[in-house]
Amino acid sequence: MAGNSFGTLFRITTFGESHGPAIGCVIDGCPAGLEVDPHLIQQELDRRRPGQSSLVTQRKESDTVQVLSGIFEGKTTGTPIALLIPNEDQRPKDYNHLKTAYRPSHADYTWQAKFGHRDHRGGGRSSARETAARVAAGAIAKILLRKAGIQVQAYVSQVGALALETPYTELDLSQTENTPVRCPDPETAQQMIRLIETTRKAGNTLGGVITAVVTGCPPGLGEPVFDKLHADLGKAMLSINAVKGFEYGSGFAGAGMHGSEHNDRFTEATAGRLRTSTNFSGGIQGGISNGMDIYFRVAFKPVATIMQDQASVDEAGNPVTIKGKGRHDPCVVPRAVPIVEAMAALVLADHLLRQHVNDEWLMMNDE
Amino acid sequence: MAGNSFGTLFRITTFGESHGPAIGCVIDGCPAGLEVDPHLIQQELDRRRPGQSSLVTQRKESDTVQVLSGIFEGKTTGTPIALLIPNEDQRPKDYNHLKTAYRPSHADYTWQAKFGHRDHRGGGRSSARETAARVAAGAIAKILLRKAGIQVQAYVSQVGALALETPYTELDLSQTENTPVRCPDPETAQQMIRLIETTRKAGNTLGGVITAVVTGCPPGLGEPVFDKLHADLGKAMLSINAVKGFEYGSGFAGAGMHGSEHNDRFTEATAGRLRTSTNFSGGIQGGISNGMDIYFRVAFKPVATIMQDQASVDEAGNPVTIKGKGRHDPCVVPRAVPIVEAMAALVLADHLLRQHVNDEWLMMNDE
Amino acid sequence: MAGNSFGTLFRITTFGESHGPAIGCVIDGCPAGLEVDPHLIQQELDRRRPGQSSLVTQRKESDTVQVLSGIFEGKTTGTPIALLIPNEDQRPKDYNHLKTAYRPSHADYTWQAKFGHRDHRGGGRSSARETAARVAAGAIAKILLRKAGIQVQAYVSQVGALALETPYTELDLSQTENTPVRCPDPETAQQMIRLIETTRKAGNTLGGVITAVVTGCPPGLGEPVFDKLHADLGKAMLSINAVKGFEYGSGFAGAGMHGSEHNDRFTEATAGRLRTSTNFSGGIQGGISNGMDIYFRVAFKPVATIMQDQASVDEAGNPVTIKGKGRHDPCVVPRAVPIVEAMAALVLADHLLRQHVNDEWLMMNDE
Amino acid sequence: MAGNSFGTLFRITTFGESHGPAIGCVIDGCPAGLEVDPHLIQQELDRRRPGQSSLVTQRKESDTVQVLSGIFEGKTTGTPIALLIPNEDQRPKDYNHLKTAYRPSHADYTWQAKFGHRDHRGGGRSSARETAARVAAGAIAKILLRKAGIQVQAYVSQVGALALETPYTELDLSQTENTPVRCPDPETAQQMIRLIETTRKAGNTLGGVITAVVTGCPPGLGEPVFDKLHADLGKAMLSINAVKGFEYGSGFAGAGMHGSEHNDRFTEATAGRLRTSTNFSGGIQGGISNGMDIYFRVAFKPVATIMQDQASVDEAGNPVTIKGKGRHDPCVVPRAVPIVEAMAALVLADHLLRQHVNDEWLMMNDE
């Protein structure tokens, strides 16, 4: 129960530290016969990798993925898919000055409280580098979802205090990848880029918000009690480094509304499926998808490593000054977009397979 | 994987429909030798039960709990604890007019999409009545946590658009139970009560927000990757009926801050433990508790059943009018306070036992 | 991880002590829409219950099952099925003389070592009474399997040293229920009955062997690595009280054979399915069913409670004499036949649903 | 639920096919601070690897293990331990003649029934090569157990019909590794070696039995209902390729005994622990260890690949002749000894950590 696995039927286990030889993951439960083009995995990793633009950390990692098992002649075999990403640009010495000091708002102190020791090499496993393994696994989940007509798209909707207020339904999400900040509104994107650059030069960092949209999800995904679809999406998002909040559909704003305005009215069926005239439910009712778009928002805190001196204490409890050093992102949300998509895809793939059990049974039972 | 269990080492499974003979739960993994006073379980159920004030549904349920197993001579035995709550005031006929119509923003349609049929008796298992079983189990989790010095307290911090802005640190949480609305600020509580009464008379409903605070949590609880303490708390909250959002510590507001202001500085140790001068982290760093207060906010949508006519469609896709009927809450947050506490207690009890594995090992390994 | 649940997709959790108010179980994951006649559940319980013949314990328990949830208008709803069996003939005082003494080959001592206390009321949860809950759950699994054409039948093939050597293929299994000893060969059955009676009169007890046969199982059930079909069957059987061994197909005898004689040759296909000319494989190859009969044998030790004085020690380590008292079976195998069937049915129902995931996917992927 | 993970708190996930680039495993839940000498892992792999003697397959694999994560400066960190074993001597072309034919008593046909395709490269994941990953993981479990004073030793007790009847208590188990057949009795070992050589020359194969003994296990390990210690050991053994049966303590022979002879009498305590004068219980009562030696026997079928022509059918149902080819073991038991030990160590390490939860709690509760 050490918590390095995620999912039930489509289940991943990740491993590896930021400054060890490699990171990776094992996917257990991906069905047999799925055509997987390895370039699609690499493509997702390239969206997350360091050094892709001036907005992100300049640590040099090609993040080249190796498929060790589970894919044969271009198709999944039904056996575990092991994916390996060697670490290349390890500079653990960058962290030597932090060997005994606790960095503010990092996991140094809590890690030591938990395990009785600490891995001072750049956070070890608490580093966001771990999420590269999730992105690789998520790429395969995305390919699986595509067979069912489901698509996951995320974008940056807020950087620091600068928020894009336009609802996703009025945005052209195909523009998301056109700027390094991954905001689909070109004008806001430029403002965000400038804000990040200015903040970086000041040695400071920013938080932000990512909005995600799932289209094409059939009704029936999600379990009604504990494993509600949005509960699993929420856990998935909150398990990403630096995430502080999750809301879906009307979210926190919905708390301020009346039932008469918040209720989504059913309209006549299109192709046998009901639709609703509004979508405050965010595509999920009672924890189960209803066939409308699923959308949610994820809040990220500002990066804790700043290029400024900070007062802290060391293991002996003595005051120390932490000097900002190393190669870090001034704002994580641009690189977190593929991570959010990957985690959402993993949740949906899992619930798709869980619903397969019901679907197959209902068919058999009818005969 | 039908999703009716929650937790890993302290694990509950709930069962029962709102209009069947009984609901209940089984707790597996509660350690042996814990003194359990059954009145404490009943006391928590009384906080959640219908009919406790004019603010809530007038359905009449005494919610009397029976302990079927796992407790002998006042102490837990280490075996499964089965708790049973008979249903008393079932009026499934109240729902006959809804047999084929889909209620807006309810789980009728999605349930049918999932299972190929529906239980029209007041929502069946998608009814919030299921949460009574969670409250009963949570009462035992609370007793366990008390042995470790951990306390969970929640209160209503927003009803509709009416929000209490005072931070929890400046409130007297012992006042929470003094008003039926469970807001610890007496003046705001009266305003909330009036707002709920007015809305109820208009046949409408309201959403709201609950804030929860965990005190006395030792450092080290939570797992660093997927099972982060706040990720499990988030899933727990999002699994409660009507919840639309979760944030902890600085939450969504933190997304708008700079790293230099958001970082929590460590101060010198008190009794061997570090503290931080601010607590934007919400008591959790890298998914692991740091010994500071854990606090979070949970957003609830307005109740979907309103006492007004609403347009909808039936199973054949024909337009129908749903008439508001039955006995429902105009706003769920007052009764949801013990549910939030129960789910938080279940998560913390689980992670406390998970950390026991590490603690015992570290001791054994040192010898 | 307290180990009171079994199965993954068709998952049961049992609860209750032999001398508490009730025992029972919750089935999570039974698909919706299955017609369940409650009499079939009762019928299986009647096969296991005490007092059914002079061969078994005379404890008086009607073992009447109550369905608390998950079945509505004669069909499963897809939600948890809770089954309750009240205890009736509790005589915990029968055990007062054992309050501090450790009964030989019982779980008294190990239980205390594990939990730091003991429940001296007739074994509490370590009593075989717990298996009644498994039989009730297994009855529903059997109904599910019948929809897929799968049938599970067990019978007594050995009592003490008296073994029925005829292979199952030459027996008429419809005769099993004709005698209280549940051996389908009439002549051997009479010998077994006499042996049990004689042994009982001598205040002694016997072990025995149960053979089980699964017919109609389609190819493809079972997972290739850890969750091999026979590995899960083996765990299921070994989890039954008093079981000491499990073998399937050729079993221990197969260890003495050559590959050239042990290999099962494929013959031409019947109705699209291959068959083998021999079946040393026991219907399973590489952990996956091959469509032939699955058969296995389960060894039970003699009942530990004998009606003779036995030397033992008490909690203080002092020598004591245990006097045989109470109402116990002289040989468990006749009553264990429905338990073996129930556990086998639970394993097969679980793997049937697990294979549903693959089947549904393969169909979707082909489109 | 694809079944490639094993264990709950000490949990492994294996991956990799016999003819892909590598196999390996991830251990999640190994506690922090355990000193691990990588040579001990390699040493166990060397006991299992091909080519170590003339009795086993001559496939050339050095089976060199790489530690990718979870160990830092010679100690476990509490994070997942990933172990990689590259495949070296892959000759998938050896199997081209089998592309469409089904080998008797192999998993070819069942695999195809399950996954809708097959991996004809030497069995792919159904190959016993997968067990190398288990041996690597088991080596770490053994190191963990040693800290608790627990030791696991296995040996060959039967090859074909040639059985060593001497009980383990009268053998010198330190002799096991002195002969390539891993039988601790020198004379029997020589007979076994001759039998294997003769059989191999005849192009035939043999089954066998392995006996395992666990010493130093404290009382209290194992869960009383489904996860009985011997049930988990049984599943572990039955999940090893070619295993047909499992028995512990008196096993199948116990079924023929009377209660009066089978009951193990408690004797006075040694160092605060009770002992029994006999040990038909095999060190486990009610599923929980009692502090005596745990011992069990595991039956293996003869290797299915023989160097003789065999009649079979192909995918189209046409008769074909399978010619014996490739590099295979004439008898698996000598190489299976470290596999049996590894799987037993994994089960015990898991239950040791599970019992840590109870132990730590009992201590905390007493304060």
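A few notes on this one:
To keep things simple, chains are lettered A, B, C and D as they appear, and every chain counts its residues starting from 1.
As a working rule, a residue touches a chain if its C-beta (ideal position, glycine included) is under 8 Å from a C-beta of that chain, and two chains touch if they have at least 3 such contacts.
Every value quoted in this text rests on a predicted model; they were computed, and no experiment measured them.
When each chain is reduced to the average of its Cα atoms, A sits farthest from chain C.
Pairs A-D and A-C differ in how many C-beta pairs touch across them, and the larger number is found at A-D. Chain A and chain C, compared by their mean Cα positions, are separated by 45 Å. Each chain gets one centre point, the mean of its Cα atoms, and the points for chain A and chain D are 39 Å apart.
Among the residues of chain D, those in touch with two or more other chains are 1-5, 8-9, 14, 32-33, 78-79, 114-116, 125, 224, 357-358, 362.
Considering their complex, residues 1, 9, 31-34, 78-79, 147-148, 224, 353, 356-365 of chain A touch chain C. The touching residues of chain C, counted against chain B in their complex, run 1-5, 8-9, 11, 13-17, 20-24, 26, 28-29, 32-33, 66, 68-70, 72, 75, 77-82, 84, 114-117, 119, 121, 124-125. By the touch criterion stated above, chain A contacts chain B in their complex at residues 1-6, 8-9, 14, 102, 104-107, 109-111, 113-116, 125-126, 130, 158, 160-161, 199, 204-209, 218-228, 230-232, 234-235, 238-239, 241, 244-252, 254-260, 262-269, 274, 276, 280-282, 284-291, 297, 299-306, 308, 310-313, 317, 319, 354-355, 357-358, 362.
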